[in-house]
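Take a look at the structure set out below.
Chain lettering (A, B, C, D, E and F) follows the sequence in which the chains are written, and residue indices restart at 1 in each chain.
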Amino acid sequence: MRLLLINPNISDEVTTLIRAEAKRSAAADTEVTVLTAPFGVAYIETRMEAIVGAYASLQLAAEHGPQHDAVVVAAFGDPGLAGIRELLPVPVLGLTESALASACLLGHRFSIVAISQRIRAWYREVVQANGLEGRLASIRALDRPLAAIGSVQEEHGERLVELCERAVAEDGADVIVLAGAPLAGLARSLRGRLPVPVVDGVSSAVCHAQSLVSLQPGHARRGSFAPPPAKPHRGLPDAIGRLLAAARP
Amino acid sequence: MRLLLINPNISDEVTTLIRAEAKRSAAADTEVTVLTAPFGVAYIETRMEAIVGAYASLQLAAEHGPQHDAVVVAAFGDPGLAGIRELLPVPVLGLTESALASACLLGHRFSIVAISQRIRAWYREVVQANGLEGRLASIRALDRPLAAIGSVQEEHGERLVELCERAVAEDGADVIVLAGAPLAGLARSLRGRLPVPVVDGVSSAVCHAQSLVSLQPGHARRGSFAPPPAKPHRGLPDAIGRLLAAARP
Amino acid sequence: MRLLLINPNISDEVTTLIRAEAKRSAAADTEVTVLTAPFGVAYIETRMEAIVGAYASLQLAAEHGPQHDAVVVAAFGDPGLAGIRELLPVPVLGLTESALASACLLGHRFSIVAISQRIRAWYREVVQANGLEGRLASIRALDRPLAAIGSVQEEHGERLVELCERAVAEDGADVIVLAGAPLAGLARSLRGRLPVPVVDGVSSAVCHAQSLVSLQPGHARRGSFAPPPAKPHRGLPDAIGRLLAAARP
Amino acid sequence: MRLLLINPNISDEVTTLIRAEAKRSAAADTEVTVLTAPFGVAYIETRMEAIVGAYASLQLAAEHGPQHDAVVVAAFGDPGLAGIRELLPVPVLGLTESALASACLLGHRFSIVAISQRIRAWYREVVQANGLEGRLASIRALDRPLAAIGSVQEEHGERLVELCERAVAEDGADVIVLAGAPLAGLARSLRGRLPVPVVDGVSSAVCHAQSLVSLQPGHARRGSFAPPPAKPHRGLPDAIGRLLAAARP
Amino acid sequence: MRLLLINPNISDEVTTLIRAEAKRSAAADTEVTVLTAPFGVAYIETRMEAIVGAYASLQLAAEHGPQHDAVVVAAFGDPGLAGIRELLPVPVLGLTESALASACLLGHRFSIVAISQRIRAWYREVVQANGLEGRLASIRALDRPLAAIGSVQEEHGERLVELCERAVAEDGADVIVLAGAPLAGLARSLRGRLPVPVVDGVSSAVCHAQSLVSLQPGHARRGSFAPPPAKPHRGLPDAIGRLLAAARP
Amino acid sequence: MRLLLINPNISDEVTTLIRAEAKRSAAADTEVTVLTAPFGVAYIETRMEAIVGAYASLQLAAEHGPQHDAVVVAAFGDPGLAGIRELLPVPVLGLTESALASACLLGHRFSIVAISQRIRAWYREVVQANGLEGRLASIRALDRPLAAIGSVQEEHGERLVELCERAVAEDGADVIVLAGAPLAGLARSLRGRLPVPVVDGVSSAVCHAQSLVSLQPGHARRGSFAPPPAKPHRGLPDAIGRLLAAARP
């Protein structure tokens, strides 16, 4: 299968992290493509930045999604996910919902460990939008500036482990979710070091995308994820326009 | 005060409706400006369309917001609202949250009456994101095609009244919220015809914007609505870049 | 418009604070009247005291409400609010719901800062009754005796500021709600000192009352806020009896 | 033990129903006293009427409660309950919370069957205030005028049975709660006729009051149900003043 | 009446504690029988152990329940409760739901004080399954090893009192629930020492069982607590088989 | 990998359905074993039956689980799941949680279509225990007797399709979950017939089990899913005793 991962941000070094972890996670016959947003910010921490990332992801998804069997919005927070899901006739997944699905299959309550204090409010709203606040034990985050978004794991690794351990000891976490594409691969490298299961978004999304392609559950032709209804539009990228036109009966 | 309302959609006829109702609702010394999105769709019913409307609104808000005392995202569903609130140092309001604030001050449970079946899922998610699902009695909607988005009130007026009455009689609504900019002004023209209070988004947002400007509550310098932190970005509209730069200490 | 604010308590000095802030907040053509409860306690902290305040407010509202365009129950906690709303054909607002409406238009999560430890349980139950516990970050309160209810701001001002700052730093508050009529005017005098928007109940209620009068949403003739149905009663204040009789078809 | 039941309404015929069912439900050594509110309405359906009933109950409880071992506020909806609980050093119970406690021990979800359409909104708010909306299957109610509040059971008995049966068949009720003091005794007379357990408020409150007296759990000296703190008051009934004074350390 | 309490665990010393407190709590004409599980663990702290305790309780209940007027599953956490309730035509109660019912009649929010850290997750899930998480102030627990399950009260009594006091002072508990059959009787011996009401499961369950027998609410013949439908089964204890057969119409 | 699926019921024909769908769903290198409960009922509809199925599953899991890489409790409702997860050092999944995880990755709200009216209450409680009631659109079920549990699909296929379509049209389902092992394989055979995605439990569980094995998230050594603590036990199956002993440090 052909799997497209979209980095909604402009950071090539994060794209590199995503690609490496996606390839490590994918089955032998899964062909992984990772694209970087042509515009936007280095990494999303706020709702404003998520608006930009959502639109950039939508454009890439509209242009490249139809040539793939599944699409992953590869930023924690899942910017644009639900809208892209309406537009494409293939499974579309996000890092947050994928990591949460993994976590929910491994324990009852999970803690999210993240890369900045600011990012926590957005993450909490995303967990709530997923209807899973009842299973959220806590969101803990680094409280120091990031020297470079591509080397957070190296720079802050021990501090991140410490946050995980406190989430287990103090917050009652059964599972740890390492949040954010900049942490892609960290769950893998921490294997065995933490006293509870640990998952991340990229590896979870790759696995679940493969599962959904395998399950062939079908696509929405009715309901709230059916393609958007035909109506006048203007100034949209051609790829979006083509998909909207194709959806008209 | 100078009040900017942003129609996140390309529909000039809806902009006209918004402008008329905003002027009828505004105080004598409120100067009303209404802008139409330069790109997007005729009206938003889906999450995909909301991504587009959010980005278009963000651009207009970044460019024109700083010259105003308050900004209203003038589509029910409030596309982009929370992100724009982070970016601008003035009050930013949405039609949904404004209408819901009015409704909550008039009764306990409200019903939303909307213009299409498809739009209901998005509206419910927005009510939930506002944390107000506990006060939502129902969402009822027209189930017939709209001949023109600018004349929904004329075309479907009696059917809309009927939906309102059923919401009161069958769903337990204490208040009716007429949803969607295409219905701007309908609450005013229905005065006295409905057995419970009725509000709409445009008039509510204008009044509440005036209140917030009057209250001068201050703007967030910390917390999750402080300006987005400085970081590399690329390809953003100049106005957004300028605001981000200005927010840097 | 004629706006009636009812202090549900017997404290004239709090009435003075309410009146001052209401006049500062009101539009030029709003005529402000503030009445003090003829019986009750100095200020409400408990559910028992709220029963008394509710009944006192109901009596004043029944007697004086019909001569006004809007009525505000001017104690945080809104004693009697929903019942008075049923009885009067004009908008009726409370300090809590008004401050919360303001707060919700300024950010996502709010903290309430209050004047006593004991008062917190009642406030939380009121927030829950408003269906807004999902947006409540915390309730913080003074933990020292109040020398005089009319001079809490002077006596405990710096401690209140400190509570506000901790709510932002530790509880994730996007907005601060200064709770209780004894703090009327404090939000105004703290302008610029706090890192997030700050609102209070009196100024919010005045603004929203003006908005509701302006919106003319109509009054409930059916549903749960219609006038109470006709039935035998005994020993009620004449004003209540007159309103009940007037409501009979 | 001496058990006081307070009818918050002026209806002597309902007091008679309450007394009869309380005596049938009480243990041999329980001495039952039932008092009727000296002012108020015939029966409470609305929030406004509940304000009156709460204040009337508070007065009776303050005057007569100290001579009893437990007090029951004998109207469904429990007007004044939480406040009276703060004031008295003995167990204080309400019909709603008592019937719900019984229902929760008999099944998972309960339906409330009530005497008027109007009353449903208030009942739902009371269930929510009890934190039990997750176990509420439905509230069904008579939709016809009541000829006399003291003979609802005779007049509408078959219709009430039908509402119960529909609650089981259509709403998924595991237990039926017959709501309202005017239905006192109906659960007893319907024994064996309904396909699920059925409880009412008066008999439940009597049994639970006896249990709480037997358990001797102690009274709150701290926390939110401790006696209201000492403070100036004016115009309160003497009995309330005495209790407030007695609570001062 | 004949009351059967089932200790779902193998610990005879806990059975002794249960029996003593049950007899102290029961009415003069209540005949108390307490049975110990023939297989299982010493005390349940985990979901795995609850599976075992549920099955052991089911067997004892099926064999001995029909000869009693009410049955109590006498472990906090209520293993097997809902299933046994389906099977038996008499009231079936659990310690948790009974203690919570008592607590809810005494205050608004309760804290649970328990015997081990590990047990907290299970207890919280049980409170949630009861739909009462909105009233849960906290769960506090001993953090030291238990020398013997039958002497926890003697060994850790002062530490338990300290946990109760912290729950009141720091967590806002209105009522304390002493959790776990090994603490049976502690509420009684702590009378007067705690600043809020305190209840335990055994005494609450005995009182509520007596109430339900007295109320005679009837048993479910329809709905989700009706006897399980007839169907093939194999290898079930004879007593279960007999009850299933008896339930067939 | 070696995957064990446990049918908690005694129905060999359902085991055959499970095995067939598991093999169709599994990767080429997944070795599928399906075991049938040695005691219990034909299929679980009630909480009582779930107690039996949980204990039977626990026994099979303890005996056979350690020789496998992942275990699936193959009845919708997931009897015993959380307890078995504590006991085994490999991933343990249930049909319900697996199908719900799939559904949540495909849309926002799901409906469950089930084989009997009685089963609905249990399923709803399981969805609530998973914290996903906010995403449950409805539970619809067959209302006719089942001639044989192994041929429900053939006997009631068209009626099941009709229930699915009504869930989409009337309940707002974005995704359909076909519930119950007797429906294993039906999602596959309905491909393309339904207007929204459709999933079932067996295929979902197989895919997610493979994913969890691939992700190697680690097992809980602390927290609420760590192995049950050492303590006296009696009469447990040897396999359980061995696992408990092995878990002791």
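Keep in mind that, in the parts below, a residue touches a chain if its C-beta (ideal position, glycine included) is under 8 Å from a C-beta of that chain, and two chains touch if they have at least 3 such contacts.
Here the structure is a predicted model, which is why all the values come from computation and not from measurement.
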Where the contacts of chain C and chain F overlap, which chains show up? A, B, D, E
Per the definition at the top, count C-beta pairs in contact and tell me whether A-C or B-C has more. B-C
Relative to chain F, which chain has the most distant C-alpha mean position? C
From the C-alpha centre of chain A to that of chain D, how far is it in Å? 52
Between chain C and chain E, centroid-to-centroid distance (C-alpha), Å: 44
Among the residues of chain D, which are close enough to touch at least two other chains? 82, 85, 108-109, 120-121, 125, 128, 134, 172, 174, 223-224, 226
Per the touch criterion, the pairs are A-B, A-C, A-E, A-F, B-C, B-D, B-F, C-D, C-E, D-E, D-F, E-F
Using the touch rule from the top, collect the residues of chain F that touch chain D in their complex. 120-121, 125, 128
Chain C residues within the chain D interface of the complex: 10-11, 38-43, 45-52, 54-55, 58, 80, 82-87, 116, 118, 120-122, 125, 128-129, 223-224, 226, 228-229, 231-236, 240
So, in the complex, the side of chain C touching chain B is made of residues 25, 27, 82, 85, 91, 93, 97-98, 101-102, 104-109, 130-132, 134-135, 168-169, 172-175, 187-188, 191-192, 194-199, 203-204, 207-208, 210-212, 214-226
Would you mind writing out the residues of chain D in touch with chain F in their complex? 108-109, 134, 172, 174
